[in-house]
Every structure is written in structure tokens, then in C-alpha cells.
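Please go over the structures that come below.
Here come two complexes built around subunit A, the first alongside subunit B, the second alongside subunit C.
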Partner chain A sequence: MDSSLFLPLLVSCRLVLAIVPIPLINEFQHDHQLSSPLTSYPRLKEGLWLYQHDVDPYAGGVFRHSPLLLSLFSTVLPPLPVIWALCDIVGAWALLRIWRARQRVGKGSSGRDSLVAAVYLLNPYLLLPSLALSTSTFENTALLLTLMLASEGNRSPALLALAFTTHLSLSTFLLVVPVLMLLVSSPVSQLASPRPFAGNLMTACKYAGEFIAYWLVLIGAASIMAGGGWGWVRETWGASLTLPDLAPNPGLWWYFFTEMFDHFRPFFLMVFSVHLVIYILPICIKFQHDTLYVSFLLVGILGIFKAYLTLADPGLFLSMFVLFPEVYPYLRHPIVTTLLHTHASLLLPLFHALWVTEGRGNANFYYAASLVMGVAGGAGVVDACFAGMRIAIGDVVEGERGKWEVVQE
Partner chain B sequence: MRLHQLPHNCLLLLACLATWSVGILASSGSQDEQVSSFFGRHDGDSGHTNNWAVLVCASRYWFNYRHMANALGMYRTVKRLGIPDSNIILMLADDVACNTRNKFPGSVYAKAGRHLDLYGENIEVDYRGYEVTVENFIRLLTGRVDPSVPRSKRLLTDDRSNIFVYMTGHGGNEFLKFQDNEEISAFDIADAFEQMWQKKRYNEIFFMIDTCQANTMYSQFYSPNILATGSSEIEENSYSHENDNDIGVSVIDSYTHFVLEFMEGINKTSQVPIQDLFSSYDPVPIRSHPGVRSDLFRRPLDKALITDFFGGVAQVEMFPAVEEKIQANTFVSKCSQDTKIPQQHPPNPTADELISGEVHANTTSVPLSGFANQPWDTRWKEIRKWTSVLLVGSLVGWVSFAR
Partner chain C sequence: MKPLPDGRVISTFTFATLLEGAIPRDPRDLELPAQHYSLFPLTLGQILREYSITELHLSLNAGKWNYDKWGLPEDPSVGTGAELWAWMGDGGPLSIDERWVGLRNALAGLFCASLGSLDARRTSSPSTAFPLSSTRSSPIPHALRYASLPSEHVCTENLTPFLKLLPCKSRAGIARLLNPQRVFDSDWHGLSVHVLSTDEGVEMRLSVQAVLDPVRGSAGKRRDWSFQTLFDRNIDVSCPVANSSTIRVVVSNNGHSLSPDPLVVDNTAALYDLASQIPLDVSMAWPTEHTFQYPLPPFVPLTPLSVKRTLHGSSQTHGVLFVALSNNENHDITTGYLETLPALVTLWMHTMKIEVGAVQRDDLISAISYHPPLLQPNGLHAPSMLQAKLTIPARSTLRLSIDVSKAFLKYTEHPPDAMRGWDLPPAVLFPVSVPLDGEHRTNNSLIYTGDTGGKTIQDRMYTPTLLVDLATPDFSMPYNVIILSCTLMTLIFGSIFNLLTRKWVIVKLTE
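On to the complex of A and B.
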């Protein structure tokens, strides 16, 4: 197909999906796979209504979005589906720019432009939550904008976008270190030739200071919006740390904590949160030659172990695979990962309906499906990690194929 | 102590005692008044704080479908008017819904035409099948149950509980047949109620019975605060109301049918007195003479409300809100449907101090958890949101263009 027409066609299709009323699409807004208590659209509207009627939205445990979203949607923009469509398009554009930066294409277009945009816009894991008007669209777009600006070397915009990303979703705090590293190095692929980290750590620390400044300004704006208190911190970021709402989701936390004795709860909340943090340093050190790949792997980790997971999180990881075609020949089990994801994406809504709607199953069915989703995500991350390292060793030369092969110890 | 000082000491002790007792009486007088006005029984008030229902169907087998439907119809009415499942003891043989002769399995209907399924998916039968025995019934009422009996099968009433006891089945002159196996007599029930009175297990009982010669069953009661009604006089049968041609048996008894029809016009906030129910009895369509026994009931029947027994209605006193300025921004709180507007009963003079005149009838300001920490300043709401948006917008603009 003619690639110059394909991109506008995708964009217009996405806009049409937002404008034309599709039957049953309002059911998506209540689906537990597509949105979580932190990202759900009905809760966003509830918070806006409460604010409009002089009630503190953060007092009830219903509204867990950031105060900046509250202020944005109550002043400048109304929360219409077309905004989500535009956000998707911006996210696809950002992914495209990251791709071009990585391929050193510059302002021109590369051959795979339409494929990159299509992988983002047509990914069902990303499209369905966007149609469900989940604010994970904003989080993903902010993250992609951060990576785009960091890949292109725009220091301050990248740090501001990083501040926005971390503000909207606390778990993306994992990506602060790789983005800072990316700012001082290059996004071009170095996977095949690992070398020690080329950037200057001192400048990275200075950039960290600037990031913290922007972050504090955002916190200030949020506190002004929320009435000058800190209750909103407990409700928004504190939700990822203390897990107050045990609504089922495709993640791994909720089931564990439904059957947790209160005595052990703080300990295991600490364990689960620290678990996310321990991946930063090893992955950064191991892949210090290609920090965009570090971000990719950490997005994958988040897509498995985040507190309030939705399908959008593994969806972003799968879409970002398109940025790294050099690792495709070295993936050991892409078909297994694909099948696991297919399996999980079919089982999750099925077992949810069986448990919640029909009452014939129970929570264990749904948790088993979310475990399959976790295994699928894990298979993807492990395979990407292996391929990223394997590519450095190179191909086995034809003549020597019988003599030796590369294995993992 | 010298002996000659004894009269002096005695006098001193007496004086101390006198002043102490006078002081106690004086100080507690006003406090007692306030407390008793809040918790006590006002004239015309039943003085109950919770409602229970004991619904017994004493028959089994397919041809006694109508007795099951009687009890389930009462169950539905009582639940609809607000008594929760935790306060309802339903004793049924429960062998018609899944009976192999039931053309509509899993359903029990009370009217020909089968428009309303009383069995449904959400009923809670506490004593089913062979557990419906005379011994279990009397143990339930008196509270003398085995320690292993679960809470859902106990009548956990206290001295402020109003209990609605409904019994249906085959009966006769001062007896009721339990499951073709045994009988309970009117004396047994009267003694059980007396035990309940002595153990302070009820505030008022409304006893309703639909069997043949039903009015004899309440003739032996002797405990106070019992209001009783039955479907037929001595030597008189109670008849079924109608058959359903597809189910093949009678689906409801006549007396219970007309009582349920009357109750369909009652909802949770209804102020209809129980005298209206009794006045609606018409022996011609019911085909028997229902009776009422109210000599043991201390309140006049036109003051006692139907919802005193059938509904799970609670009394609520509303207090003024914590902060003055919040009252200016009242919003309708989600009052549970069980609250009665206190204006129905003229408040006592001391209660006026509690109920603020500023609180309107239908709205109250509930201080939210956020209020205690931060007064939600509504004046600044607009300013705050625009400030926040403009701050973020200017930051974005400055970073994009200036750096």
C-alpha cells in the first residue's frame, strides 16, 4: 500500500472512531481490563462533578487522578473522546520520531514510518483502553514524548515531559534514570557493540536537578488545585504504594493483597514496591551502551509488575518492539510470547465475565488468567533482554556452524 | 470514737447522706430527662429500635404449594419494606421450587398468571426442610439454642425489637400442624412469648396466622405488647384463593392474598396505621372471618403504624453541622431510605436544643473527612483551577520557547 497515504488514513480512522458513536462502546469504560481505579473515565467524571459541586474530590477514595487532569478538564478542555484520539495520534507521532532519531534519519521519512505508526495506533492493547477513555493514554503519550524529546536531545522539554510523566503515574519513576542517561548519550542503536557509558554523569546530575525543579512546580500547581493540602498525594501516588482499592485488574498485586492479613500488609507492600525499583540499576548497568533499550526493558517490567495494571501497559511494551528490529533475528521464542499474549487476552475477559457477570466462576479463574498475562509479559521481557545481549556476540559464521554455538550458561 | 460523740457523728453522716442524695437527684434530673427523651418511649411511639421477622411455613409437600407461597410472599413484602435478611428468620420446607412436579423449576408464584417469581435468586431460607420443627421454633423464639447454631439461625432480638411473627400451614382448634409430623399448640406459643417477655426479648410482637380456625391460636396469649390477627374463627376453615392452571395446585391462600394486596400499597415511608389493615378485612372475598386481638397491646391501633412491624425503619435525630459556613452550601446527602423525618413526631422541648432550626427537612450538611483538615473554600475554586492551569501552561510555554 502507498505509504504516503497510509499515515493520513490511520489518523483519520482513529479520529472517526472517536467521533462516530459505536454501539456498546460505553461498556468499555467499566471494563476492568481496559482501565483501573487510577485511570478510569467514570471516576474522572465523578471527580469533575464533585469539584464542580464544592466537594473535595480526594475525600472519598473515588477519584485518584492527578489534580492537573482535574484542572485541565474543568477549565480548558472538556473530557471528550476526540481528545483521546488526538493523544493517540500524538503518541504515534512521538514513536515515529523516536524511530527516526534511532535510525539517524533526521527530518526525512524512513521506509517503515507507516509500520511504526500502525503498530501504535492499531495495537488492540492500546486502542481499546483509548476507546474506553482510560487516562493511561495520556500516561503513555507523555512517556513517548519524553523518550522522543530525550532522543532528539531537547534537554528542557524532555525533562519537563519527564516531570509530567512521573506526575501522572508514580510507577514511571523507574524511567527517570534511563531518560537522564539518554539525554547525555545517543539514541542510536549500540546494541551490537557494547561499550562503557559514553555520557557525562555530572551533566546527568545537573539535569536531574532541573527535572526536580520542574517536578516541584508541577506539585505546587497540583497542590494549589487540590486546595493547598497533601491529601491528593495520598490518594493518587499513595494508591500505587498502599493499594487501597482491590478492584480486579490484569495485574498481579490485587489477588495477593485480597488474602493478605493486615499484619503483613505493610511488609509486602514494601516488598512489591522495592521489587519494581531493583530492576533499574542492573538493567541500566547491563545496557549502558543503549539507554533507549533500557527504557524499553523497564517499560516491559512496568507492564508486568505495576500496581494497577491495565492492558495499556504491556501494550506500550509490545508497541515499542517496533523500534528495535535489529533484535528480531535473535529473539528465541517470539511465537511463544505471541501465543501467550493471545491466550491471556482471550482468557481475561472470559474469566472476568464468568466470575463477575455470571457468577459461575470465582476470583481464582481470573487470577489464573492474569498470571498467564504475567507470564506472557515476562516471556517478552526475558526474550528482549536475551536478544539485546545476544546481538552483541554476533552471528555464528556459516562454516563454523557445526563447530560451536552460542548458549546461555 | 467516744461514746458521747456518737449522736454528733450520726447526725453528720445523715447530713452528708442527705446532701449527697439530693445532689445526685438534682444533677441527674435534667440529664435523665434528656437521655430519656432521646431513648425513651414517647406517647404514640412504639419505642422500638430494630425490626425482626419470623416467617414460618409449617407444611411440606407439593400440594401445600400455597403455604410456601404465603410465607415467601410475606418474606418479599417484609424485605421490600426494609427489614434486612439478617433480621429475617425464614422457616420453610422449601420443597416446591425444585420439586420434580414443578413445571417452572426454581420458581414459586403466588398468583395465577405467574408474573412475579417469589423464589428468585436472592432469598435466604434459614431453616429448611426437616429443620422446621416445633422444637427448633420454640428454641428460636426463646433463644435457648445449642451453642453450635449459627448466628443466621438465631433470633438476636433485644428489648427494643419489634417482631413480626407469621405462621401458615394446616391448623385447627388451638393447634398448628408442623410438617405432617407434629403439632404446636396455642399454649406452647403463649408460653414461648412469655419466656421472651421475661427475658426481655421483644418490645412488641405482631402475630399473624393463616390456617383453619386460626383465631384460636392467639386466644391463649397472656404476655403484654402482643397484637395478634388470624384468618378465621373457630369452627371455620381458611380457604385458598386461586389455582394456576399450569402449576396445577392452589398458589395462595385467601387471607394472605388480601393482606399482601393491601401491603402492596405500603412503602417504606408510609404512615398508614395498622387499624387500616384490619379495617380492610372483608369476610366476603376472604371467605372467612379474620379476627384481631388487641387487648394485650398497649397502644391504640390507629397510632401503631404498619411499618412499625413490617418495615425496617429506624428513627434518626439530625444534629447541626460542624461548621457554620458549610450550611450555606447544603447538598442533599444520601440519606438512607430508612430515615423517618423527625417532624412527624412533635419533638420534646429538650430535644429542640438538639435539633437546630437551621437544618432543613430534606438536606443536611455532612462534614466530610476533608473538612476537618482543610475547609473547602468554594470562593477560591475558580481562581485555584485557573491558577493551576495557567501555571502549568506557562511552564510548558517557557520551556518550549525560551529554552
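On to the complex of A and C.
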């Protein structure tokens, strides 16, 4: 199809989806796969109701969204579905811009433009949470905007966007180091020719200072909007560290801490949180030549191990795969990963319904499906990690295959 | 004793003791003077004094009070399960909450009931619905603590300590009739203790209510009753320390005969006095009636308001709380509505809908006050509390619906019988001060009548309790989950670090 027509068509389809009433959409809003207590739309509405009736929305453990979203939707504009559609479109646009920056395509269009946008807009893992009006759409868009601005070298806007991203979702703190590195280096693919990090680390440190300044300003603004107190910190960021709400989701945390012995709970909460942080340095060091790829891998890690995971998190990782076509030939088991994802995404809603709606299955069924989801996410990240390094070794010449093999010692 | 149209008999026993001249202890007053009681029970007196209780209400009930068929009870505290509320003066070295903990543990010990479970997860202070009824004005501020435990059952082990608070126990006087085997066999039974401080002193009222069914007990399917048939006992001695002991039988002219002849009789009630009529076995018979014919529908409700409260939805995550209030009168009724729900059920206030017929009528609800389930310092969530004023139009039904979602609990938080579900406390309808009729004057006409304005209900009414089933985890899984989840984490972690740390080499394949 002609790409000049395809993109506007895609965008208008997304807008139409936001405007026409879709049956069962209210069921979507309560679905545990599509939105977590931190991102759910009914909770956002409840928070707005409480705020408008002079009750502290952060008092009752119901509202866990950022105070910035609260003030945005209570004063500037009401939470209409079309905002989610626009956010999706901005996210797709940002992904496209990242792609162009990576390919060093200027203003002109590259051959894969429509593919990149379609992979974002038509990814069911991203589209369904967005139709369910989960605020994970805003988090993903903010993250893509950050990467876009950083790829294009817009220092201050990128750092401000990074501050917003980490403010909306605490776990995206994993991406602070790669984004800073990306700002002082280039987004162009260097996977095939690894070399030591070229950027100036001192400049990166200065940028880190600027980021912290923005971040503190945002915290201050949020506190003022939340009524001057610090109660919102415990309810929003604290929730992703202490897991007060044990609603099921496709991630690994909820059943682990449902079944955890009370006296081990704080220890394992610490283990699960620190475990996320462990990945930052090794991946940053190994892939120092291509920091966009580092961000991609860390998004994948978040998509497996994040607290309050929803389908939107692995969805972002899968959509970002489109940025790195050079690694496709080196993927070891793309079909297995695809099948695992298919398996998980079919079983998750089925077992969820069997357990909580029908009351016939039990929690273990759903837990098993969420483990498959974890395996699928893991397979994707491990494969991406492998392919990202394998590409540097290059291919064995056609005639010599069978005589030589590239392996790890 | 009140015979009902459906053949049942409500028997209400009330034992009032007045401690003349006594005043509740000021909590700031640290010195405990010697206590001397003659008729007032020492065990209860000590508790009241220790925790400086101004007003105390405890009720333990089993069954659902059927307002439509039985009318309003003599003692309004008929909510299913245990309900405890106390007004305490503030100040002194111990905080209100510390004294509340002490009070409920002391009462749990005194009445052998699980009142200790009325912890912070169940405690709230809805002071409009449960006002301080003591008439004496006090210089210190007072605070209310209210808690309700719908799953508590009342049985003989509660009645025995209850009877011990009476000066004659159950050996003499009206309390002779409190035969546990018969009281706890009734369709509805409940015990309650009320302590009020009045101008004359501290008044304690103990009461037992039971709805007995003589038709069920009689082989001939007749509704005749006597003390002997209802309680298997009659009053053979009066309690010598009682100032007065009277028995009041509510009568209506429908062909019954009473024996022995009452001392005083009027259109509505017949009175007996134990001082002159001993031994006494009151019996009531309908000689013209061969077998009792149950009244046929349509039933006329005996109360101005009929209440229905249900939880819709089969899912274990979401549901709709649905309350239907029917006004049986020809004028509007205004009532207060109080819902206290433990934090395992979350109310979605933005989904609240008020409908009359099929028309949405948000103007009928006013003075909404909602307290979300606050996190207490001890890590427990207090119940959420919704209070509002509802106006039910004449001869119509008001439907209130709110979406709720049900919590997912840790496996250690579930009770041993997790599949049974959790009881939700009853909602309470309470009288509210209704604006003067003058305010209901319409603009185009200055004529108004007294009954167009708001009328309120006489006394508190309780809705039935609800059972909510929560999704349960598998209780045998803790080790398996730890093993499986950790295996997956180490698998991914190990693979990634394996890839990142090992050196790439090109090896020659040999045959």
C-alpha cells in the first residue's frame, strides 16, 4: 500500500476507535491484564471524584496515579478517550522519529515509516490497554518521547521528558543512565562495530545534574498539587516498592507476595526491587557502543520484572523491536518467542476469567499463564541480547559453513 | 409480649438499673475512688469506670430482623451479629483508642464474645448516626467509637454471663422466663446492654429480644401461647429487690382471650404486675380459631420504610452494591443512610446512582460524606464510611447503586474457612433532623400542609448483612510459588549474565 496514504489512514482509524462506542469496553477497564491499580481508569475517575468532593484522594489506597495527572484531568481537561488516542499517535510519531534518527534519515521518508508506526499503533499489547484507558499509555508515550528527544540531541527537553517519565512510573529510573549516555553519544547503530564509549562522561554528569533539578521541580509541583503533603509518594511510588494491592496481573510480583510468609515479605520486596537495578550497569557496559539498544534491553527487563506489570510493558519492548532490523538475522529463536507470547496472551484472559469470574479454575492456573508470560518476555530479552552481540562477529562465509561456528567460550 | 399477624410472638425483656447520683468518670481524673455497688453489677461498673465510658451500647443478635412483618423493635439495636458503640470523654493519660481497645477486650471477657476482633479494621466513628443520647451536659469533649462484627453468633455462653449481671439472676422475677433452650430456639434472638448517663445517674438497661413461633411448636397449628408453651417455665417467684416488675401484652381486638385477667387493660395493651400476681403464667388464646391461617399476600408492611440491600454480580473482583428503599407512606420520608464497609470492599463513589423508577434523581441525596479506608498507624485499614441523607418520595422506591470491587488478600489474611466469604456489616438508616415544613413551601403558592414536608423514621433501622466472596489464592502453594518464580528469575538473570560475560570465539568443527 502507498505509505503516504497508509499513515493517515492508520491515525484516523485510531481516532475513530476512540470516538465510536465499543461494546464491552467497560469490562476492559476493569481487566487486570490491561491496567494495574497504578494505571487503571476507574481509579483515576474515583480520584477525581474524591478530589472534587474535598476528600484527600491519596488517603484510602484507592488512587495511585501521579498528582500531575490528577491536576491535569481535574482542571485542564476531562479524561476523554480521545486523549488516549492522541497519546498513542504521539507515541507512534516518536517511535518513527527515533527510527529516522537511528537511520540518519533527514526530513524525507524512509521505506519503513508506515511499518514502524503500524507496529506501534496495531500492537494489541499496546492498543488494548489504551482502549481500556489505562494510563500506561501516557507512561509509554513519555518514554518514547524521551528517547526521541535524546536521539535527536535536544538536551533540555529530553531531560525534562525523562523527569516526567520517571515521575509517572518510578521503575523507569532504570533508563536514566542509558538516556544520559544516549545524549552524549549518537543513536546510530553501532552494534556491528563495538568500540569503547565515545561520549564525554563529564558532560553526562552535568546532564544528570540538570535532570535531578527538573525532577525535584516536578516533585515540588506534584506536592503542591496534592495539597502540600507527601502522602502521595507512599501511594504512588511506594506502591511499586511495597506492593500493597495484590490484584493479579501478568507479572511475577503479585502471586509471589500473595503467598509470601509475612516475616519474609520486606526481604523479598527488597530483593525484587534490587534485582531490577542489577541489570543497569552490566548492560550499559557491554553495549556502551549503542546506548539506544541499552534502553531497548532495559525496557524489555522492565516488561518482565516490573511490579504492577500490564500488557503495555512487554508491548512496548516488542514494538521497539522494529527499530533494530539489523539484528533480525541473528535471533536464535524468534518463532519460539512468538509462540510463547501467543500462548501467554491467549491463556491469561482465559484463566483469569476461569478463576475470578467463573469461579471454576483456581489461582494457580492464572499464575501458570503469568509464568509463561515471564518466560516469553525472558526469551525475547535474552535473544535480543544474544543477537545484539552476535552481530559484531559477523557471518561465516557461505562456503565455510559447517566448518566454523561462532560460540561463546 | 407482642403477637404478630403471622402468628409469631415478639418477647422483649428489659431490665433497667439506675445507679443514682453516679456520674461517669472524668478521664483526666486519675484517682479511683472506692467503688461500692449494691444492685448495679460490679463487673460492668468496673469496666465503665476504668475506661471512663459515658455511654455504652452492646448488642449480640442472631438472625435477620424482618421489619416488614415484625414492625419496629422495642430496642432498635437489631443488626445481625455483634455491634458495640461507646461514647468516651476525651483527655487523660490514655487516648480514646487505647481505652477502646481495653473496653472491647474487657467486654469480650465479660460476655464470652469475640469482641476482640472489633479492631481498627472494623472501628469507625459515625457520630451523626449514633448520637450521644445522655442528657447530662458535660464540660469535656466526647468521642464515639463504633464497630460491628456481623459474623459473630450469640448463644448460651453469652446469655449466662448476661444473666449474672441481674440481681436475681434467672432464679426469680421476669428473668425466670429466660430459658436458653427456648430463647435460642427462636426465629430471631438478641441480647443487648445499654448504659446511659442521665440526670439521675447512670442507667443500665439489659434487654433480651426473641421472636418466638408458637405455631411451629404446636401440633395443632394454633397460635395460642402461654409462658409455659413459649419458655417451658412460668414466673413463680418475684425478684424481691425489684422496684417494679410489669408485663405488658400488646393486644388488638381480634377475638383473643387472655388469662389470668390483667390488672390494667386498654385498647392497645394489657398490663400485669408481678407484685400482686404471683405465680404468673400469662396465656393468650384464640378460642374461635381452629387452625391458624397464615396471612395471604399482599402483605402490608408494618414499617413506613422497607429496605432491601443486595450485592449484585457473580465475579470475585467486581460487583454492584444495591439498596432499595420503599416508602410505604403517603408522604416523603427523609432518612440518614450509613454504610461502613471494611477495606476489603472498595466503593467506587463516582459510580453512585440514585434512581426512582427508571429516572435518575440525584437531587434526592444530600449531605454526602465519604471517608475512604484510611491507613491506620498499625498498618490496618479502617473501614470506609459513607453517610448521606436520602429523601424517598411518597409511595415509591428509591434505588441506590454503587459499584464495588473486592480486594485480593494475602494468603495469611484469609480466615481458616476462606471459601465461606466475608460478612459485610449491615447498613444503618437513622433519623435525621428534617428541615422545618416552612422551607418546603413552594414558590407559586404559599399554602403548605404539615405532611408535605420531610418526615423521618422513628429510630435506627438495620439492613440485612451481606456475604462477599473474595478470590482465594491456593493455600498449599507458598513454597511452590517461591520456587517457581525464583527459578524463572534466576533463569533469565543467569542467561543474560552468561551472554554478557562470556567471550566470543570461532571454533573449527571437526568431523
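Methods note: the second predicted complex is superposed on the first by the 407 of 409 C-alpha atoms of A that agree within 3 Å, B and C clash if a C-alpha of one lies under 4 Å from a C-alpha of the other, contacts with A are read in each partner's own complex, and residues count from 1 in each chain.
Criterion: a residue touches a chain if its C-beta (ideal position, glycine included) is under 8 Å from a C-beta of that chain, and two chains touch if they have at least 3 such contacts.
Just so you know, these numbers come straight off a predicted model, no measurement behind them.
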**Q.** Joint occupancy of subunit A by subunit B and subunit C, clash or fit
**A.** clash
Q. First (subunit B), second (subunit C), both or neither: which does A:229 touch?
A. first
Q. Does subunit B (first) or subunit C (second) touch A:104, or do both, or does neither?
A. neither
Q: Could you tell me if A:160 is touching subunit B, subunit C, both of them or neither one (first, second, both, neither)?
A: first
Q. Which partner, once the models are overlaid, touches more of subunit A's residues, subunit C or subunit B?
A. C
Q. Counting only touches as set out at the top, which of subunit B and subunit C does A:46 meet: first, second, both, neither?
A. second
Q.
According to the stated criteria, A:55 is in contact with first (subunit B), second (subunit C), both, or neither; which is it?
A. both
Q.
Going by the clash criterion at the top, which of the stretches 5-13, 41-49, 95-103 or 113-121 from subunit B hits subunit C after superposition?
A. 41-49
Q) In the superposed view, which residues of subunit A touch subunit B and also subunit C? A) 53, 55-56, 59-60
Q) Which positions of subunit C touch subunit A when the two form their complex? A) 314-318, 343, 346, 348-351, 368, 370-375, 381, 384, 403, 405, 407-412, 469, 471-474, 477-478, 481-482, 484-485, 488-489, 491-493, 495-509
Q.
Taking the touch rule as given, give the residues of subunit B at its contact with subunit A in the complex, in rising order.
A. 329, 331, 368-371, 373-374, 376-378, 381, 384-389, 391-392, 395-396, 399-400, 403
Q | Interfacial residue positions of subunit A with respect to subunit C in the complex | A | 30, 32, 42, 45-46, 48-50, 53, 55-56, 59-62, 245-248, 252, 254-262, 275, 278-279, 282-283, 286, 304-305, 355-357, 359, 362-364, 367, 371, 374-375, 377-378, 381-382, 385-386, 389-390, 392-393, 396, 402-409
Q | Sites on subunit A touched by subunit B in the complex | A | 51, 53-56, 58-60, 67-68, 70-72, 74-76, 155-157, 160, 214, 217-218, 220-222, 224-225, 227-229, 231
